[in-house]
Amino acid sequence: MHPEDLAEKAAQFRAEEAAIKREVRVCMAASCQSSGAQPVLTALTEICGDGKGMCHVKGVGCMGLCSAGPLVAVADKDCDLADSVLYRDVTPADAPDIMQSVCGAPVERLRCSTEQPFFARQQRIVLENCGLIDPDSFKDYVAVGGYSALVKALSEMTSTEVLREVTTSGLRGRGGGGYPTGLKWSTVAKTPGAQKYVICNADEGDPGAFMDRAVLESDPHRILEGMMIAGYAIGANKGYVYVRAEYPLAVERLQTAIRKAKGAGFLGHRVADTQFSFEVEIRLGAGAFVCGEETALMASIEGLRGQPRPRPPYPAEAGLWGCPTLINNVETFANIAPIIRNGGAWFAGIGTEKSKGTKVFALAGKINNTGLIEVPMGTSLRDIIEQIGGGIPDGRAFKAVQTGGPSGGCIPAAHLDIGVDYDSLKTLGTMMGSGGMIVMDDSACMVDVARYFMEFCMTESCGKCIPCRAGTQQMHGLLDTIAKGEGTRADLALLAHLCEVVQATSLCGLGQSAPNPVLSTLRYFREEVEAKLVGE
Amino acid sequence: MQQPQPKPPSPSEDKRWKLVNATMRRHGYAAHALIETLHSVQEAFGFLDEIALRFVAESLDVPLSKVYGVATFYHIFMLKPKGRHTCVVCTGTACYIKGADALLAGIHTRYDINTGDTTADARLSVLTARCVGACGLAPAVVVDGDVFGKLTTDSLITKLEALD
Amino acid sequence: MNTKKITVATAWLDGCSGCHMSFLDMDQRLVELAQWIDIVYSPLVDTKELPKTVDVGILEGSISSEDDLKKAREFRQHCKLLISLGDCAVTGNVPALRNQFKLADVFNRAYHENVTLQPQIPTCDVPTLRVPVKPIHGEVAVDVFIPGCPPPADAIWYVLSELIAGRMPNSSAVTRFGA
Amino acid sequence: MAQPAPLSTVRVVTLTIDDRDFSAREDETIIEVCRENNIPIPSLCHLDGLSIWGGCRLCMVELEGQTRLFAACSTRVTEGMRIQTQSERLRSYRHTILELLFAERHHVCAVCVSNGHCELQWLAQKCGVDHVRVPYRQAAYPVDSSHEMFRIDHNRCILCTRCVRVCDEIEGAHTWDIMGRGTDCRVISDLAQPWGDSTNCTSCGKCVQVCPTGALVKQGTSVGEMVKDQHFLPILARRRHAQ
């Protein structure tokens, strides 16, 4: 298949719905569903009926502003979120008014401004289709240009050219480590081996992070497209998506996407009538945070206990079943199609010098606009929290923002003006992580927060290596003693020493980064910690 | 040339074993299908008992201790039957900040059960999850598969009381 | 050379006195030792009160009761340098094995199940037991550790000689847990 | 995991360990080279003849030009590698790791049948661990004496998995595995049932011999009487891999 054929197909799909002028989009991502989006969708669909062929109601993916869900957008066909009339906190009882507004004046009492910074300040690349297309519809995806990157790569580019574009883009792994994606791909491509694998890490385990889930639920084909392009570039014909079992909706939509892509000839034997074949299988996680670690994840796919193994050898050399394996996370794969479509140089033009492109963040905690946002790398934390996030509720003061989940740390108000990218966060003693941002107000006790994360690491430690298994336990005990006001200066010194040992000697990333929340607390909130010590 | 291990008969007439067998067949009875198979046993029967673990071990030709090691490594697998209703309290960071602890304490006060326990009348099991991904709705709870957000102890207890 | 002798105090808390026996096992070296140290308080001598300042305190046994804790704190307060002598003092050892059980069960086993005549739990004039049993350094700071069950007389000799010579001893060179 | 197959054309590399020059085959790991040359590197999970585990982290070494530490048991030597095995930092970390082990379960040496013949005890002395700074965890673990010849005392287990690996890789029975996660991990036979009830244990006793502590011992031994004998392992391992 050639790009023109696909373009023709897309045009045909659009023509099928040419009569439809207006759309009512109901957010059907997990968050809005939990707020009652399904009855809203049912009520709207009932009233709309056939919409005289001019209007239809459809369920779409995440629109981002989860705190205002269920969200409904009324827009001209093909208009994006910013140009739509957005309604918040919708109930089934509002359905008649909303349908009335499709051809008339907006319902002001439900109105949610799309001009507010939350929407206006975002730049959507990964999330460009989220909230616009029906995630279960193959046609919807193709109509907005889906699979054109894949067809372009397969028909017009050599694998080396694909590698070059990805390298040029400067894309870095969105799972947290920030390893250059192009370099990773090239390494796997160079490693000899008849059988290679592509793995999509969708084991989004950081508490407070739901970026990957939203992408899987809103735009699943994009992940398949990214994986296939990767497979083509490195010479793999088999892929696995390792998804958390806690995300049933994401799994369901991914399954539908795989089935439909296969049915349309865009997955499986001879993808899009080319010589390239690619199979994708879903593997369910089973509630083990450590499986986000590459080697543990592969062990889990192999049906074993998800315990990491020493590296080297790296997965690129000896990964799944000993074969060269490429592992990237959901957001990384979601960036691939736009990069191939628009060129690596286009992508490299966005973001900061060393961190290119955009980053999706999940805003949660004590902040007005909780939800999902996508901003260019380098956007300041202050912008994210005060503008996009809408500030702190209940008139309280900002105290800290936690990034990077259990591997990250807390950033105090003094550093809010820093632009967010991989390296700046590292200098602050935290990390990008997968993109969770938990905002805390002045009521938060930082020792308690550090203890919470240590408890997390302790219960998620796989138990293989001693520093992580026993060290996190001891650190948790010490934090507990300090939080209760029974700790001494000697306890604090011991805690700091354990942080160093666990960081330096643990086998995998979980243990190596487990002390980070404690270290950042000691760095920025030492006085608060010391005030809790006995005799201080 | 080694003969492939003959497949054991299903432990009982229960039709649900067909689902389990189907999963194993789909993966060619390969040892690496262990986790997928355990998922399908749990989906069919609600939990993994000794009969099921032995059957899976024999079918996939995986040592018993390995099966048990895997089943106890992953927190999703339950080795005990759950109550008729399950209430999963999210303890992700956002929910923690917004008071998940208070919800658990409320459940403990009302039903006298801790995380992982089931009430004596087998009506309700209480579990915790590491982030159900509904951080925007914190604190969130999953009751029988449905997510409820922005809960208080009172509104959660009311919800749980309303279950049959 | 110092003309004034080093003052030494010893006590046994929850231990079997084996470490003190090991101390006596230094045999003829005790005579030599007597040139350098004065034992000012110990079950081995007849003093009733711990002097205000002591150069070296030696504790045998773990902290299992309120009395043990009191004695350990007293030693820490009065002694310039505190030594944990033997595994019970250093790790909790055998006394700490009871940490695996509920205190009530321990009492039951000791005073009911294993007693044939008039089983009863003593309540008068016995110190209250603490939970959990801890090594000495679990409650007060300790400067020198001599593990062993009991530490050999040679090890005790070595540590004391080093201290007399004004050096910090390395007990791992001469003894270990369970030695 | 199987042993890495020997490379077809194995080259010899030169390297320095603690500022002394050595040469080694490039398919060797750092710990192998150190042991051949009598350079002491502590380890409780590594055993010549068993697969690499990398769990005890005691064999961490410093490599010149690298900020992070490397486990000697799982890192292969390369040309020009400069290795430090005994820095002050490494000593301090090893010391702490051993303390963490002692605090995790009940290693009461004085009443242990392996007293005097225990690798953990021996290493503690070697590394100068004369007391444990972190609090003891005080969790009670079971003792399983159901096997007619052997006994497992989980209180003395350090989860090195030597028993699991020798049973799987050398004996081929895979009676043992690990259950649970984190500090709740425990060595189990079959479905965490009494060892004596295991249907596939061959009572070969290899697990007992490779156990570094007093966790796996022979029945009927008294304090200090359990002496382990591991000389069989490299021989069996060689023959297994030659098959």
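By written order: A, B, C and D. Residues from 1 in each chain.
Everything below uses one rule, namely that contacts are C-beta pairs under 8 Å (C-beta built on N, C-alpha and C of every residue); 3 or more make two chains touch, one makes a residue touch a chain.
Just so we're clear, the structure is a prediction, and the values are computed from it rather than from any experiment.
Steps from subunit A to subunit C, minimised over paths through touching chains, total 2. When the interfaces A-B and C-D are ranked by C-beta pairs in contact, the top one is A-B. If each chain is reduced to the centroid of its CA atoms, subunit A and subunit B end up 25 Å from each other.
Rounded to whole angstrom units, the spacing between the C-alpha centres of subunit C and subunit D is 34. Taking each chain's centre as the mean of its C-alpha atoms, subunit B lies 51 Å from subunit C. Per-chain Cα centroids separate subunit B from subunit D by 34 Å. Among the residues of subunit A, those touching two or more other chains are numbered 288, 305, 460, 462.
Of all residues in subunit D, those that touch two or more other chains are 133, 135, 178, 180-181. In subunit B, the residues that touch at least two other chains are 66, 69, 73, 75. Inter-chain contacts occur between A-B, A-D, B-D, C-D. Against subunit D, the residues of subunit B that register as touching in their complex are 50, 53-54, 63-69, 72-73, 75. Across the complex, subunit B is touched by residues 168, 173-181, 188-192, 199-200 of subunit D.
By the touch rule above, subunit D contacts subunit C in their complex via residues 102, 106-112, 115-116, 121-122, 124-133, 135-136, 138, 140.
Note for the complex: subunit B touches subunit A at residues 30-36, 38-39, 62, 66, 69-70, 73-77, 91-94, 96-98, 129-138, 140, 145-149.
Against subunit D, the residues of subunit A that register as touching in their complex are 288, 305, 309-310, 312, 458-467, 469-474, 477, 494, 497-498, 501, 504-507.
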